[in-house]
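One structure, as structure tokens, below. Some questions next.
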Amino acid sequence: MQPAVEFRGISKHFGAVKANTDVNFTIAKGSIHGLVGENGAGKSTLMSILYGYYRADGGEILLDGQARRIHNSQEAIALGIGMVHQHFMLVENMTVLDNVMLGSEGGVRLKAKRASVEAELREICARYRLDVDPLATIHDLSVGAQQRVEILKQIYRSASILILDEPTAVLTAQETASLFEILRLFKEQGKTIILITHKLQEILDITDTVTVMRGGRVIGAVPTAGTTKEALANMMVGRPIENNLPRAPYNPGAPVLQVENLQLRDDQDVKLLADIGFTLRAGEIVAIAGVSGNGQSELMEILAGMRVPTSGKLAFLGKDLPFNGRSDPDGLPRTFRELGIAHVPEDRLRDGVVKAFSVMHNTILGYQDKLKNRWGLLNFKAIAARCDALMKSFDVRPNNHDLRIGLLSGGNQQKVVIAREVLAQPKLMLVGQPTRGVDIGTIESIHAQLLKLRDEGVAILLVSVELEEVRALADRILVMCGGRITGELKIEEFDTTRIGLLMGGEHKS
Amino acid sequence: ADPKLGIVYDAGGKFDKSFNQSAFEGATRFKKETNINFIEVQASSDTQAEQVLRSLARKNLDLIASIGFAQQAAVQKVAKEFPKVRFVLIDGVAPGANVNSITFKEEEGSYLVGVAAAMASKSKKLGFIGGVDIPLIRTFACGYAQGAKAVNPKVDVTSNMVGTSSDSWNNPAKGGELARSQFDRGVDVVFAVAGGSGLGTLQTAKEKGKLAIGVDSNQNSLYPGSILTSMVKRVDNAVYDSFMQMKNGTWKAGVTAKGIKEGGVDWALDENNRKLITPEIEKRVLGARKDIIDGKIKVIDIRSGTACPV
Amino acid sequence: MTFDDLHIGSILVSTVRNAPVLIFAGMAGLFAERSGVIDIGLEGKILASAFVSAAVGFATQNPWYGVMAGIVASMLLASLQAYIAITQKGNQLVAGIAINIAMSGLTFVVAQYFFQQGGRTPDLGSARLFDVVLPGSAAVEHIPFLGWFYAHLIGGHSVLVYLAFALVPLVHWVVYHSRFGLRLRACGENPHAADAAGVNVERQRYMAMLIAGFLCSFSGAYLSIVQSGFFLRDMSAGAGYLALTAMVFGNWRPLYTFLGCLMFGFFGAVQIQIEGVELPVIGRLPGAMIQMVPYVLTVIVLAGLMAKSVAPKALGSPFVKSR
Amino acid sequence: MMNKDLPRWATGFVMPLLNLLSALLVTALVIHLLGESPTESLAILVNSAVVNPEGLSYTLFYASTFIFTGLAVSIAMEAGLFNIGAEGQMYFAGLGLTLAMLTFDSSLSAWLLIPIGMLGAALFGALWAFVPGYLQAKRGSHVVVTTIMFNYIAGALMNTIIVKLVPPGEQNPASRAFAAAAEMPRLNQWFPILGETPLNISFFLAIIALVIYGVVVSRSSWGFKLRATGLNKHAAHYAGIRISKMIIIVMLISGALAGLGSVNSIMGSTHYLSLNFVGGAGFIGIAIALMGRQHPVGIFLSAVLFGALTQGGFDLSLEKQNIPPEMVILVQGLIILFCGAMENLYGPAIAKMLKLKK
């Protein structure tokens, strides 16, 4: 085996946090190397050191056997290292072409190069079967397409070592599959790939070797062929993971939410939702499956009061939801929340939390008016106590309510959001992508919470692109495509192929 | 013993190329002649004016000259507190047995330069550029227009103000721009009453080969050949005289409005503008000057509440 | 009021003359802000370069030395701003406001110290930059319209006026069609993306700020050595804020910013023309009321036409490496 | 990020002090270059602004106005709005106050006149902030731009109106002086040591406003919503906060606070409305809000610092021929620069020193 990258004794600390401690392992040239570990295990930090973002406190990195000091991303790029980040590194209001050219323009005048780069991109797209229009603007693209742009960037720069930090977190099964196709092509061309993911199935599917990290250290590096999900999970978390969480038998109660003939058009009169109709009952989890960008987000926003539908009938506990002809949803989420609708938004950093607020402040976001006294004041002592209890019962780490929530890992932020919404004792719970980017240990605890809620008689509407998650939680499944519901299945009828077809727009057959 | 003297400028400061500067020059002249020093201070706000006057009064000064109407209320108040200290208020009227208020009949001086402007203008279009639209500035404008129309009722006077904030006295670019725009409209003589902004006007006139009229001090020498004349307001004399009276023990409280007759305002004729003032212009202006002194011409002061007649 | 009373010709010429102060500063602000650094310190830079240009121009009796010295002054201030915003990761608004206030005081103090004229520099006299007379102006002067157009609207301005107008397409090209511009925009929108793509964000922002300083200096030089011929305290009189407004109005785009600057120049010229003129219905407006015309119109235009302005996303936030 | 590790005494006390010293050092250099003695100048400044009771009372008088304008800018900033218009709001508020006084000062007693004056000022200040607030909330017009425009518009409008209020025969472009009943009670009637001073009960009103601001912003549910709106509009919408209403209300409050600044300036000192009476207090409010980090204590300290500069710098120019009054403006700028913009200048150095000691 010829090593492409060798980490030797890498350590890195941020203040008191030891993000990496004496990390040693080797990545073989031309292999796909998996990197797994809990949230905060130090994976991203290690890769950031490799890409020149952070300077390690100690240790060295060898590339092709030679010790290298990588001071910044320019140097990393020059050494043939490419990185697809956890959060996309794209300039949203620029075209794909400009994003690809950024940093490797090939001259002062853009015009001179634009045409040739565009041609080259089209050629690459054709070769790798990447469906991207080089002239499209990034913010018009779906998440999956943006992911493909990131890949395109790396291909264009012909990176020989490609780091992917949780690339599949936001992708659908199909998108993941086609990404893996490309990765295999890369491998055939002799490129080295480092893949970080929380989905152990993906590790098994595609990697050659896998390194497990915990608490900043390497726990083990094993050939993929000789391992199992359970074994990996055990290494990561330090305990076995329960896959089949207990749940009460399916026994739905009275209708909580009735949606009839819901329509939504945007400013340009483009149909975003059409003829949506379904009923959600107490004590059941209905999952909405579909490729992201097919109207699920809009539907959730309408139900949470964050958006106003163009038309349609929405009844909550038998009463019409009070849109009464409003065109502006300003303030509506509060009304809905007071009715008993809780909402875990899919984009937690954008909608769900105020990053600069402490954890404690975030636990009252949306409920601030319920907690005030008659002078309009908030009792922060009581709120802190409430927050401590909540952090304890949902195992939020670190257990410090004064910490800015932005400093928590995504998984822990998510736990705070879910805890906050559960605490409101809702009748209807809207949950969007609850475990995106969250490690398996945390996924387990979030799933357990949602099932407990269901068993207590709460109606839950779940939007997830993760079919595994849908299978683990749902009682019934609705599939959406192009703003319509293309099919409905009971959990017993769960069938990946069929759902895949419905997600692609194949109508109820 | 020599009298202890003080002078308080207003927000414009002693180098405002306007009445503060004129006051400074008068005080300096006094100092040169008598070798008696004076304390000088600037009060940037109405609140500060009171503070300054009080702190000078506490130093047992004999006479404090307050320059500018902004100090009127402060003088009134502090003069009451310090009956032994004497005050000269320029450009404003404050009651009190220890206050001498001196105002100027700006309308009379403006009338004279209006006469000169109307005679010198070929297009019969005159311009006026003021700093800020306040009664004092309008008084200048109205006197100017009265003089011009007395020469020829058909003369047209275009009037512009630089702005509304205190910047407006320090915006020569705008002062110049207003002049250009007036010249474009056919104006060929412009009267600038806008402090530092007026400098821009004078300069633009020179550049464009038109005539301008200076204000407050004699500005004829700034651009000889293009400054027709200046409407001088003898704040310097007022200060100088007050200081002198103090020295000689002849100082008296009261209220004086200084017009042409009292030597308070006038037009300026010197070697710098000699060539521009033709004998006819000179004759006409001197005639008007005499008529005003004799009371044959009454120039309307809009501050008295009368609307400008022209 | 007749059409003639409006003096369209005069208004247009006046617009052309008023606009350069704003154009230079507006383009300067555009570079700074497109890179992600808020530049509310335009005013201070204008003032500093106006003073230094005038002082050096007077001392050397050469306007071009003045212009060059003004450039140095303005670029020094821009580097200070850049150091605070980029290296120190300090508050950019505070930095800008501090510079404005400090320069208002410093220019006065220094001018007073050297020239003893109440914060004024002496008249530059022949060391001013004078207007360019296009060849043949005198010959065509008498042709109706065309003569005026050639000799007064196109011709008859200072070199800096032509520079200001030439700057606009140049800035447009740099921002949208050059490597520098691509990186500039990326840094202002998403510095992390730029960084990941191998762009040195800090260096890019420093360069943008230096360009801003460079361009802004002409604004000051124009005020003191073209329009006035001397420096006077606080003579920028809000031009920096107005330029910033034009830039926001123009949505941080060069051509629209340019239009914003022209708009201010135009409204200013109109305001001069309608002062004292009998208007239909309203009658004669008092001078002070007319002063507000450009500002009221701006608010109306802003509220009506160009309501949504989209600032560069990363504007104002220092770039901290991490996700 | 660096600061996280520094103890509070370092970030809250030592660093601001070092920054202030740096600003003063640069000032000293300039004073030295002007040929005057920096130490003497500092002594004059401190003596005049702090040590001398009458000077101190002037310091606090100026500070009272600055607290109000600082609060006005701060509260808008908490909602993510940069209100550059405090200057114009305070100016226009002066009109509201004056109209009320001109109407009632001969008929009502002081106990009624003061609240009426405050109400008039707050109302007009709020009114002047309403349009920019409304346009921001409903039309998305950038509040920075509209408030700048509204400053200019206020200037022009007030000029027109004030000229109309000038009593006939008067020179000063100002309204008539109010009756004595309309004067804010001055503190020297209780504390004669303060000497002749315009310092009046507005100072206590300012302190009360600071306390209310502190409690409302950091302790109330409305303040929570305010800050959420400022920090993350999406999350605020998600939380059910009516963002456009919030923006309009906070601008109204901001304008009202700026307006109350005029009570101190007019009813507390001049007793008449004059042209440009605000004199930059609104802009200083921006500096104070930024330097004070929108925190009541910070706002108070910055306001006092600026008040001291206004007062002390004035005496300095009085005693030192080579130091013009404009020097104060330079010092203000330098202090904002060092204490506000480069607040972290010494952070790394202090961190290093502390590490070395350990």
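Each chain carries a letter (A, B, C and D) given by its place in the written order, and its residues are counted from 1.
Basically, contacts are C-beta pairs under 8 Å (C-beta built on N, C-alpha and C of every residue); 3 or more make two chains touch, one makes a residue touch a chain.
Just so you know, these numbers come straight off a predicted model, no measurement behind them.
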For chain A and chain D, chains touching each: C
Contacts common to chain B and chain D (chain labels): C
Farthest chain relative to chain A (centres taken as mean CA coordinates): B
Intercentroid distance (Cα basis), chain C paired with chain B, Å: 34
Whole-Å gap separating chain A and chain C, where each centre is the average of the chain's CA atoms: 46
Between chain C and chain D, centroid-to-centroid distance (C-alpha), Å: 29
Between chain A and chain B, centroid-to-centroid distance (C-alpha), Å: 75
In chain C, residues with contacts to at least two other chains: 112, 119, 233, 238, 286, 288, 291-292
Of all residues in chain B, the ones touching two or more other chains: 13, 132-133, 163-164
Interchain pairs in contact, sorted by label: A-C, A-D, B-C, B-D, C-D
Touch list for chain D against partner chain A, complex: 4-5, 215, 219-222, 224-225, 227-228, 231-232, 234-245
In the complex with chain C, residue positions of chain D that touch it: 1, 30, 33-34, 82, 84, 131, 135, 139-142, 144-146, 148-150, 152-153, 155-157, 159-160, 163, 283, 286-287, 290-291, 322, 324, 326-334, 336-337, 340-345
Contact footprint of chain B on chain C as seen in their complex: 7, 9-10, 13-14, 17-18, 21, 112, 117-120, 123, 223, 227-230, 232-235, 237-238, 268-269, 272-273, 275-276, 286-288, 291-292
Contact footprint of chain A on chain C as seen in their complex: 177-183, 185-186, 189-190, 192-200, 313, 321-323
Chain D-facing residues of chain C, complex: 84, 88-95, 97-106, 108-109, 112-113, 119, 233, 238, 241-242, 244-245, 248-249, 286, 288-292, 295-296, 298-299, 302-303, 307-309, 320
